[in-house]
């Protein structure tokens, strides 16, 4: 596997306003190194997701030293990072402590794109007051990312109380019938509350990209998406 | 299929405090007729479930005339019915209008056993106020049967607000990923709220029997369950 | 089932900017009639979905006569309908002729909420030119609803060419492994293109509600969502 | 992940008569430590479940030393534990030796809530005498927790012989079609015996909480559940 | 579809001691007629399974008149039938009334091969006495066919009490998680009792053929299986 | 977990002619040790299955030294073993080299019960000659155990060429759609050849027990199954 | 639904050497009529698949009269049909009588493209001689389409005896675990024989198109595929 | 496990023009060693697949030293290898970097059979230009192997642009609903583009064998397949 085998989509941001990210899981250290070398040559910043500590350690030193690593989300920023240019638009609401890796993957993806966020954790409906007491704050944001596993009931309750864009991420938290997030996925898709949209299981990255698309729809993202600009 | 092939468990109530019921779905009119004739000879009251209007019409006239039929629950009472001896113990809470067949199957099963009920319908959490405004009333009952399809989020919210026995029945209401009640079933089993128990999909009969078992545990059922009496 | 059993969430629009709709499938004619009578008393317009021709015919005449029925989408407008106040924001792109019922369910839901739409049909990628030749037009809309069954490959291709909000609806079109829309659902959720969001199978209604949420995020919906207003 | 990210539901017992427990699986040692520090400040006793020996060893020493750990159930008691105030009400019947972790998780959850139990192990129906010879003893308890994997046939047999509350827990014991407990789960839900209720796979904790809810229904739990008291 | 397209395996009985049967479901009346004409020319008796009343009525009259039809099992004997030459070897035990079609399909298949049977119906373990009281009789047969749906717990209990060949047939009786017989199938395969063998769902025909194979192993079948004779 | 928690079914052989075996997987070394100690006291021979090398090493030395361990089948004989009293009755036919663990688990289970066997390996139908050239030999046995993974096509081909009892064991050999043996399981159950019976995935033990039941039916097993003796 | 909504891919044959076909299932009579009118205007021949007799009857008369309908395959030829220009290249081998609809759908698709075929029916391996006696004939064709349901074992056996292109079509023939063709699909994909390729369940059309692609690879198709011509 | 237990199909190439390969996964080092010793005696070259680095290291040294190992594909060539005799016929197109192991397994299998290939990597449709810019090159090959995971949309797009044989291999790349390649498998089988054929998940070996079969159909393979030669 040499760099000749790599054909990275470096123009994606210009085309659709979303950077290509490197999904480290499933790639060898040599593959990751080759992609990052290509990015370095173009002075192109890259977001790396699903980068475990062991994978990080086995990447070649000359690129690893330029990675800003974040433990709980298993993400890395390589090379230049955009400054925060959009804030106060996206809130991330998560149901339990074990949902943190996914919630923070979303947060880091937003940050890499120059978008700030607010995090509201541990708001699962088994203790309904935790969610209802946060609703006034949540309603000040036009976009909400909802992160929940198990029964994902928080998504439906929020869907009945909030009018903005609701981007749901089921997580693989739970055991038995939780089935690695499928119970949460199906509950979110089958929600009795209208207009919820859903991303792949554990895909904080996907939820953040969906939020960026809504920001594109809102005209909030200035410097990106020239070619494919929606508005 | 003659009556010689039928071996009905007429002593079930004496043994475990629960009558055997006749699940009409999957049985021929001749089979149902034979069972009811056997019951008539012993002057034994029988609850019939999943008895469609067409099935009812095809049962032999001499037994059909003794069936007290209830349309929306598709249940029939054949022969003598116990008077109501227990009341104010069981509340049935359902999420949407389409859950009515299952909710009323539970209600009719309780009634056949001499137990009254209260019904709170259309309390799904997409309109959270419908559930929260009913909580004071619900809390006056020691046993709640929860009937919900789709995401079944109502079960989890109720589970965080109510301390009594919570018997959940997923329904096959919904389409797509609802998957004939499997999404609701899994969400109820994977609930973030503690101590929910779950019955088979659409099994209002099963939920009512579970409530009768809790009443047995409470010592509330007087005249039944002599042999297998729990307390 | 009397009207006393119905507890319709008439204030939903005020709360979250989305009307409650009546999912006719699974409800009896008596139930639908009772809900519509309640709406008529409040002079409240109601969207009815999954209303088959036979179901329509069995609704009580005094309410049926006020239903504006649309055949291919199986939807009805009962009572007053909002004028179109938002237009040019939402495009509906569908892959094949058999996806029309879902695409038109989305269109009718938008229309009931006072939102116009443009429809681009038969754009499946087996004939890629059908999609690429429409891209310039599609890019003029900030929100796209994508309707596709079978492999749903159109969603991924569009996701790589378009920067706005992408709301995907898998359809139950296809046979064998298409599995009533599950293959399309999973392909959309697992898409290699970033930021796609997905609704339940065949849920044109859900996709339209998600589009309305994005319009809420954009501040495009003026007269709705006072209480739960996001912005 | 700092303690600011944790929002523990410390008032759950007061609200619904059930303590919140810490599910250790899926949480980092830092998260568990932070939760326990919060509990220590409030002098609040906490039950920890799914706490493997390795996870225990990696928790910060100053809280680990206050954990009363139980090996086979992988549970820990942190801080004050209620005295046993209720006894002779709950029997735990398990089918095979490999079901012990789940059976003891239930037992420990009951004990943490101040409830005693009796354990009847290895009662699977392949040797029917093991169950039938225990029936007289089992019938003296108003509540039975049934723990079984594989075919879970013991639950159905018990359901035909016992009149009290039957709370079933499928276990992931077995291989092949046992499918990590799904065969047992489905057999319990589809049981030919009436009124069985079922919890998530391997959820001894859930079954114990369900038993506590029945004790609440019975009025047997004195000092808990003030706010949400059922009776 | 002419008779030239049919290539019936008329020598199967000679080869392996089991007649080929015609599975009518999925075949057109013309196809069934063509097969039976071919059999008539060779004076070859044929067993027809899954032959609904409507399918029977649409078969050409000149062959239909030679069919000995049995309603509840939906089977037909066409042409010559072997006399009963083996008896007292096979007992068919079924759990509930709705299992009768499968139990009788097995019985008719045995009869067509010249093997008698005894039927014990309604022996499901929800009323355990129904099975235990029949055990002395069941033990007099070297081969037992067990027919059960739902949880199929009867198979496991029988497996612990009986030492002969146990051939289990799950049925599609039940609803919800019964999943058209899959719950019963998996419970039988995962049975805690040793040495159960299992056939396809609702396959009374398959179970009878398996019993015939055991009779072949026993040397009980005299006139068949010359070429492939096992003993 | 003390020996008081163990309730081993030592009389199983007397009851149904099959020894209880210890399934080591899922049991702790302490549990296995306790069971074996109990057996030693009664001078009862025990078959141990799914006993990995690591599990073996962690069993207490005073019982481990009495285990006759067989590597590829992961089985152990503890204590006295019956002499071979039945031979020439059972042939084990396996499809590929990777099926050896399951084939040898069956062989060892037979041997522990005093039954000899013949093994025909690598007879998968991708090289059809490997199976057809062995048919004359296979036909000399009244009972065949068929062990195959992936598509399990060998079972169907054998089913068309052999008249004795056919006991099929799907194995988890293969990848992708093989799905840990489910593809083989379903193919065996759906076989176009009549009368195949099927055991749980990888259950060489179960297949051998089924063969012992057929030997019971044949009256070939002399010293076992007194109480429950079939013939 | 007007003709303006239809965007048929009439140039597909020119682009990839395969005509677009109309899948009638899921389309309304008005939609099918509109597509055929469009084809008639261009004098473009069209293959219609999954056209039931009832659907045929409800198509507008002025186009229906130009449909050459074939009953068992449920296909129609509309407008001009190519003469047979390629023959002796493709053999269709099917396992049982009930596989005929799929086998003939493949045959008709080939014929519409100007390709002849030979059909070998009822060659399932339960009677192995039916397949082996046909092998010499089958080997004279460079391409074989294999049509089988249930266990699909015929595909694997053929795969071990034949060296040409093997295109497998699982069918939904069978019941229970056959699961509408999924057992056959998985067995074909997991085959122990190398190099089998598989199409969607019941997709005779897909298999024929795959055969046409191999003919394209062979350079056997003269007048088609100019733009996208492979060779 | 001795060499006596191994029955390798050494004549497969002569019979069907495809060498038998050794699937190392699931075999013990001793089994692999025994097979290779047998091959060495016959001077028969063998392809080994799914041979991890650890498995390689544990094979007996005297055979391991003759293995030409390729890391990323986990394949080994043992003994003599055919020279390249066919080239310019097969192109391998893969969607992403993580698909490399499967793509190279196909490449190595082709190479072992004496067939050259061209590799086009990272052509996934999220960046559609990567595929469209390669189409002119791809069209020069009569056979294309398509390797893709996740949504596998590249296969459908290619299917609409390319007229030759399209052999699709889904990969287990992706997470959540990707479900170890099942989402890709189903999308490929349900493709809206006609005539795609599909192999088992991750089966680069199977795809290469399918390509060899098409080469057999084309008469391109000279020295193989004498007995079973198709043309």
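Some points to look at:
Letters A, B, C, D, E, F, G and H mark the chains in the order given here, with residues in each chain numbered from 1 onward.
Assume contacts are C-beta pairs under 8 Å (C-beta built on N, C-alpha and C of every residue); 3 or more make two chains touch, one makes a residue touch a chain.
The shown structure was predicted, so the numbers you read here are calculated from the model rather than taken from an experiment.
Number of steps on the shortest path from chain D to chain G, with steps defined by chain touch: 2. Taking the CA centroid of chain D as reference, the farthest chain centroid is that of G. Centre-to-centre, using mean CA coordinates, chain B is 44 Å away from chain F. Centre-to-centre separation of chain A and chain D, using mean CA positions: 35 Å. With centres taken as mean Cα positions, chain H sits 50 Å from chain D.
Those residues of chain F in touch with two or more other chains are numbered 12, 15, 20, 126-127, 159-161, 176-178, 182, 185, 189-190, 194, 200. All chain pairs that touch, listed by label, are A-B, A-C, A-D, A-H, B-C, B-D, B-E, C-G, C-H, D-E, D-F, E-F, E-G, F-G, F-H, G-H. Contacts from chain G toward chain F in the complex involve residues 95-96, 124-128, 150-153, 155-157, 159-161, 174, 176-179, 182-194. Residue ranges of chain C in contact with chain B, taken from their complex: 1, 5-9, 11-12, 15, 20, 23, 25-28, 31, 35, 50, 170, 172, 180-182, 185, 200-203. Residues 72, 97-98, 100, 119, 121-123, 126-127, 130, 173, 175-178 of chain C are the ones that touch chain G when the two sit in their complex. Listed in rising order, the residues of chain F touching chain E in the complex are 12, 15-18, 20-21, 139, 141-143, 159-167, 185, 189-190, 194-200, 205-206, 208-214, 216-219, 224-225, 228-231.
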